[in-house]
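Got some structures for you, see below.
You will see chain A twice below: alongside chain B first, and alongside chain C after that.
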Partner chain A sequence: MLDVALVLASSGCWFAGALLSASSRPPERLATGLGLLGSLLALGASIHLLLGGSASGLTFRVWGLPARLELDALSAAFLLPLHLVGGLGLIYGQRYWPVQTPWGSGRFLRFFYGLLVAAMTLLFIARHGLVFLVAWELMAVSAFFLVGTEHERPEVRRASWVYLACTHTGTLLLTAMVILMAQRMGGLTWIALPVSTSPLFEGGILVLALAGFGFKAGVLPLHFWLPSAHASAPSHVSAILSAVMLKTGIYGLLRVSSLLPGIPRGVGGALLALGALTAVYGVGNALAQRDYKRLLAYSSIENLGIILMGVGLGWTGRATHDPWLMALGFGGALFHIWNHSLFKSLLFYGAGAVLHATGTRDMEALGGLARRMPRTALVIFPAVLAVTALPPFNAFLSEWFLYRGLFSSLARGYPWSAALGLVALALAGGLAAVAFARFFGTLFLGSPRSEVAEHAHDPAFSMLLPMAILAGLCLAVGLGSFLLLPLLDRVVAVAAPGAPALLDRGLRTDLHLLAGVELGLLVLVGAGIAWLRRPEGVVADSAQEDLPTWGCGYATTAARAQYTGSSFADAWAPVQPGLRRRMPHLRGLFPGGASFRQAFREPIGEVFLAPRVARLAERLLRFRRLQPGHLSVYLLYVLLTLLAVFLWMLLRTRLLG
Partner chain B sequence: MVRSLLPTMLQVLLHGLTVLLLPPLLPGLIAKTKAVMAGRKGPPVFQLYYDLAKLARKQAVFSRTTTWVFLAGPVGGVAAGLAASCLVPFGHTPAPVSFEGDVILFAYLFGLARFLTILSALDTGSSFEGMGAAREATFSALAEPALFLGFAALAKATSSLSLGTMLAFPGSLTARFTGPLILVLAGWAIVYLAENSRIPVDDPNTHLELTMIHEVMVLDHSGRPFALVLYGASLKLLVLGALILTPALPRAPQAWQNWLAFYAALGLLAVAVGLVESSMARFRMTKVPQFLVAGVLATGFAFLLLLV
Partner chain C sequence: MMPDLLIALTMLSNFSLVATSRVSKAIQFAVFQGVLLGLMPLAMGLGRHFHIVLLAIAAVTVKGWLIPFLFRRALKQVHIQREVDPYIGYTVSLMLCALGTGLSLVLAHNLPLKPGTEYTLLVPASLATLFTGFLLLVSRRKALTQVVGYLVLENGIYLFGLLLVEDMPALVEAGILLDLFVGIFVMGIVINHIRVAFDSTDTRHLAELKD
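Showing the complex of A and B:
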């Protein structure tokens, strides 16, 4: 009771903060304080619940019908990243996007940011179809306004409209799902269905949930809105969209499937395969991006694919009544959700700091920022290692869970989907390493490729602090993962009703040893650095400072001669579906000038869908003639409709007998 | 208690000493083999030890573009290699640290070392080193699936995810597993040559920056960082070598016999690499991916054979 009230109060705090920010002279301190208070309340309640508190609910009436809010371990597991990233984003946004901006975009941004967090808080505790849909829609619409913050730029407007169209298509499907669920549950309040009575109904609910929530989560054919929306939003908004809002799709899938009595056998394997494809597709396209925020957005698609692989594995476990598979699948998926929200928001904050300092999203114009923004480079480095799933950082652990799940699924249930997932996970890891070596190498290393990068500087302390906190958490989770096992067990028990707490018992020793090796790695790194710092035996007489990089004899090293990000990833260009290049045709002995062009177009959204949608819209223009805009014509329509209804009434008895 | 613990302690001690002291011998053996095959006298077998001792006393030179990332490559490479070496059994003596899923940590530790090396190459801002980094990233992304599919095949065959059980599988000579095992080892031999930048993938002795892969990435390293780079490379020869040798070695009843067999096999492996290096030229750069894909296919087929 207390916990859910705290979360509700937190939602209220965020909402009040949002309203305050919308006023003409916003009291920024007060609004920020309210938001942070809300975050602390929700974090406290979630942590209390995950550490062993019992689930608490709140029943009330909407229009005379019973409705319910409830905080259980699954809700708490999603509230945790939401309020961590939400609160840190509030601190970060103060300097990143000041209140006083032209067109009042600062106030506008703060209002919808607060509304987004409040709506998502409500979403995670809703146990009622209507409350859920209202919160979902509030979240979707405030995200639309947030994406369109810089609406004076046409590409931003386009990205936000595409997002709005997609999210509403998803809402439409979810509305149908809620209606079906109400039919089966005898009311809009969500209760677990104990026994399967109608497989058709339950299959319908599952398919609608997959399609509707899939739009939000960016599953493979439904992902096309995501890259441009996340690239266009202000960076701390991109962080919360990527770190939390995408996961509401996963939350929905887990919540709805936990209410169903059973999952058909094939669905888990199919979802695992779909997740594997999404992961490889996402990282493959991340490799081709010149825009670093778009690269991060594609990497989110990859990580959502990995999370879906875990969910698919868990569903396979539920279908085959295999508790170990359930624990590793759902546990791995949830753990990866936490980890992804930590490192991806850190990466977006870092990208925001770079964008703030240089004003460009083009990687090839940057370089050498590690010298000019040393603190940013230092705090973003753990996230770069984490996103490529390298030890000793957090994402390695969640992928380790999934590897173990996939291997044990290989030994039992579904060898083919597990084999596919295994290969995809390894391949995605390898490609992510290339993509993020490109990201970090082109942005931060080498020498600056343009004037703007030359004069970059570290951001304000209030922007660095959230990044440092997240970087610390990435390392802490990587080393102390065994402490999280009982928490994950509690969440798995909700996601898969009746699953025993296996993770804590089965993995604790392994994770202890793993943490020991990681600790040893860190100690060795420390020892290596200490050895390098000790004075050498032989010191040159005239120690020269300020020496250039060895350029094979050329005295001047030109920044433009450096390897660019595009050439770094060039070997993978043939397998990039979205990369279009125009090669010059050189003829004769003395060819004239030539130019080479390379551009990226989203394979499904821009190449496949956009022309078809445009053609459809053109066809639909014909119906415009029915809308001439004259009042008399509309009156005629009303009259004709009335006549038709009368005719129907008169003829009904005669026609139907 | 003490009586049973003592042999284990000794084993761990021997494991640690092997990891720390033995690696620089392997490049020396390879170089000696190559020299003998070419009819030269060649450098002494212990040359790398002398080089390391010399470099450890020298002052390092840093370019003005470099940052701390430049040192992350050498330090991280050696640290990751040493951490990974605790997980791999040397011959049929158990690894010091072993748990279910350590194979994934092992693979990703090598990934970490490679990632840091690539970043430290990019840190110099040199076009040559960028080129080397891009090549290394590409080729290792092709070599990684071969390593992983081999692990998957072994894991499926032994239903274990611990390197100790997977590699020292006592039934590895049963009829059903022999075919896949040969395929895995063949694929891993390709990975071994590629990961250690050996002919036919890369030539450690080449003088032309444009044709280098690994060497060009460490052009700017000098002094102690360079000593770490060299030591890390030889460590990789040892640890990945143990990976290939263990499944192929017969199990002996006594611990000392196992150790002896391992050392002998390691020496033979170094000589074999030297023989490969002296008997063939390196591939054209465009041919290298095909060679690596052959490794992926070999291990992939092994995996498929075990799945059906």
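Showing the complex of A and C:
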């Protein structure tokens, strides 16, 4: 009771903060303080619950019908990243997007940011179809306004409209799902269905949930809104969209499937395969991006794919009553959700710092920022290692959970999906390493490729602090993961009703061992660095210091002659489906001037869908004739409809008997 | 006896409304119809219910005094020509109105009525008035005559409401009345604005506002 009240109060705090920010002279400190207070309340309640508190609920009535809010381990598992990233984003946004700006509106941004967090808080504790849908819509619409913050620019407007169309299509499907669920549960309040009575009905709910939540989570054919929306939003908004809002889709899948009595066996395997495809597709496209925020967005698609693989594995476990698979699948998925929200928000904050300092999202215009923004480079480096799933950082462990799950799935004889998953996970990890080598190498190493990068500088302390906290958490989670095992066990028990707590028993020793090895390696690395920096190491002549990085002796032309990000990623062209290039043919011994172009077009959204949608819109223009502008004609339509209804009532009895 | 007479008069005034060629005549008929309907509940012997009497008085006041007053003012302000100026000729309108009335009779015959309803003419009359209102709205060109159509349409709804008058909360009827008043009021303002903008109250000009 107390916990859920705290979370509700937190939602109220965020909402109040949002309202305050919208006033004409926003009391900035008060609004921020309210938001942070809300975050602390929700974090406290969630941690209390995950550490062993019991689930608490609140029952009330909406229009005379019972409704329910409840905080259980699954809700808490999602509230945790929401309020961590939400609160840090609030601090970060202070300087990143000041209230008084010549572009966009700081007040507008703060209002919808607060509303987004409040709505998502409500979403995670709703156990009532209508409350859930209202919170879902509130979240979707505030995200639309946030994506469109810089609505003066046409591409931003376009991105936000595409997002709105997609999210509303998803909501439509979810509304149908909620209605079906209400039919089965005898009311809009969500209760677990104990026994399966109609496989068709439950199959329908599952398919609608997959499609509706898939739009939000960016599952493969439904992901096309995601990259441009994330690239267009202000960076701290991109962080919360990517770290939490995409995961509401996963939350919905887990929540709805936990209410259903059973999952058909094939569905888990199919979801695993879909997740695998999404992961490889996302990372392949991430590799092809010149825009670093778009690269991060595609990497989010990859990570959502990995999370879906975990969910699919867990569903397979549920279908075959295999508790170990359930634990590893759901546990891995949830752990990866936490980890992804940590390192991806850190990466977006870092990208925001770079954007703030240089004003461009083009990687090829940057370079050498490690010298000019040393602190940013330092705090962002752990995230780069984490996203490529390297130890000792956190994402390594969640992917390790999944590897273990996939291997045991393989050993238990569900081979095809597990084999595909293993290959995809390995491929995605490797390609992510390339993509982020490109990201970090092009942005921070080398020497500046343009004027804007020359004068970059580290951001303000209030922007660095959230990044430092997140970087510390990435490392801490990586080293202290064994402490999280009981927490994950509790969440898995909600996602898969009746699953025993296996993670703690099965993985504790392994994680202890891993942590020990990692700690040892860290100490070694530390010692190595200390040895390299020993006092007698800097006796080399000081003239060397001024030479540009990778100058190779050609000090004057080095900046233009360096490897570009695109050339770095060129070797992996076959896995970059959206890349189109125009290469000139060079003939003769002394060819004249030539130019090389390459452009990226989103394979599904821009290449496949956009022309079809345009054609459809053109066809629909014919219906404009129905709108002549005369009031009388409109009234005639009403009259004709009325007459048709009456005639139908007259003839209905005759026709249908 | 009395209610049937009033209903018959209402249906007759429908025909006069579509057949008249003068704006002021059309207004007079619409007002006449409104007053007739305002008296209906009393004729139906519902005088024992206090709130119904109150509503009847309010209806007669609004339809018999307030609305004609607004109309007269609008007529004076915008200097409208006396002609109704229809899209469809008077004869065709009359025939359409007859067709609508016939259809309403057929329809009402086939509609299930609440058992124990004594006024079987009420439903066809209400539907016929609805159709007439629509016909006027669709086929008349001037903004003011369109308002008359709206008024007649509301009369039809009011007539239908009489069927349920004993069960319907007073709030609903009061709502309809208020709706009507506000509708006419707003349309009066709009008419004036149309005249200012286009120098005429012909609604054809409004098509220019289309994007």
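The rule is short, and it goes like this: the second predicted complex is superposed on the first by the 620 of 657 C-alpha atoms of A that agree within 3 Å, B and C clash if a C-alpha of one lies under 4 Å from a C-alpha of the other, contacts with A are read in each partner's own complex, and residues count from 1 in each chain.
Here is the rule we use: a contact is a pair of C-beta atoms (placed from the backbone, for glycine too) under 8 Å apart; a residue touches a chain by one contact, two chains touch by 3 or more.
Predicted model only: the values in this text are computed from it and were never measured.
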item	value
Joint occupancy of chain A by chain B and chain C, clash or fit	fit
First, second, both or neither for A:586, with chain B first and chain C second	neither
Of chain C and chain B, partner touching more chain A residues	B
Three-chain overlay, vertex chain A: chain B-chain C angle, C-alpha, nearest 10 degrees	160
Partner chain(s) touched by A:513 [first = chain B, second = chain C, both, neither]	first
Which of chain B and chain C A:407 touches, first, second, both or neither	first
Contacts of A:626 with chain B and chain C, given as first, second, both or neither	neither
Contacts of A:614 with chain B and chain C, given as first, second, both or neither	neither
First, second, both or neither for A:594, with chain B first and chain C second	neither
Closest approach of chain C to chain B (Cα atoms, Å)	56
Chain B and chain C contact sites that coincide on chain A, given as residue numbers	none
Residues of chain A defined as touching chain C within the complex	627-633, 635-636, 638-639, 642-643, 646, 649-650, 653
Partner chain A, residues of chain B touching it in the complex	56-69, 71, 74-76, 78-80, 82-83, 86-87, 97-102, 104-105, 108-109, 111-112, 114-115, 118-119, 122-131, 133-135, 137-138, 140-141, 144-145, 148-149, 152, 155-156, 159, 161, 209, 219-220, 223-225, 228, 303, 307
Chain A - residues contacting chain B, complex	367-368, 370-371, 374, 377-378, 381, 385, 388-391, 396, 399-400, 403-404, 407, 410-411, 415-416, 419, 422-423, 426-427, 429-431, 433-434, 437, 440-442, 444-447, 509-510, 513-514, 516-518, 520-521, 524-525, 528-529, 531-532, 536-540, 543-544, 546-552, 557, 559, 561-563, 567-572
Touch list for chain C against partner chain A, complex	87, 103, 106-107, 110-111, 127, 130-131, 134-135, 137-141, 146, 203-204, 206-210
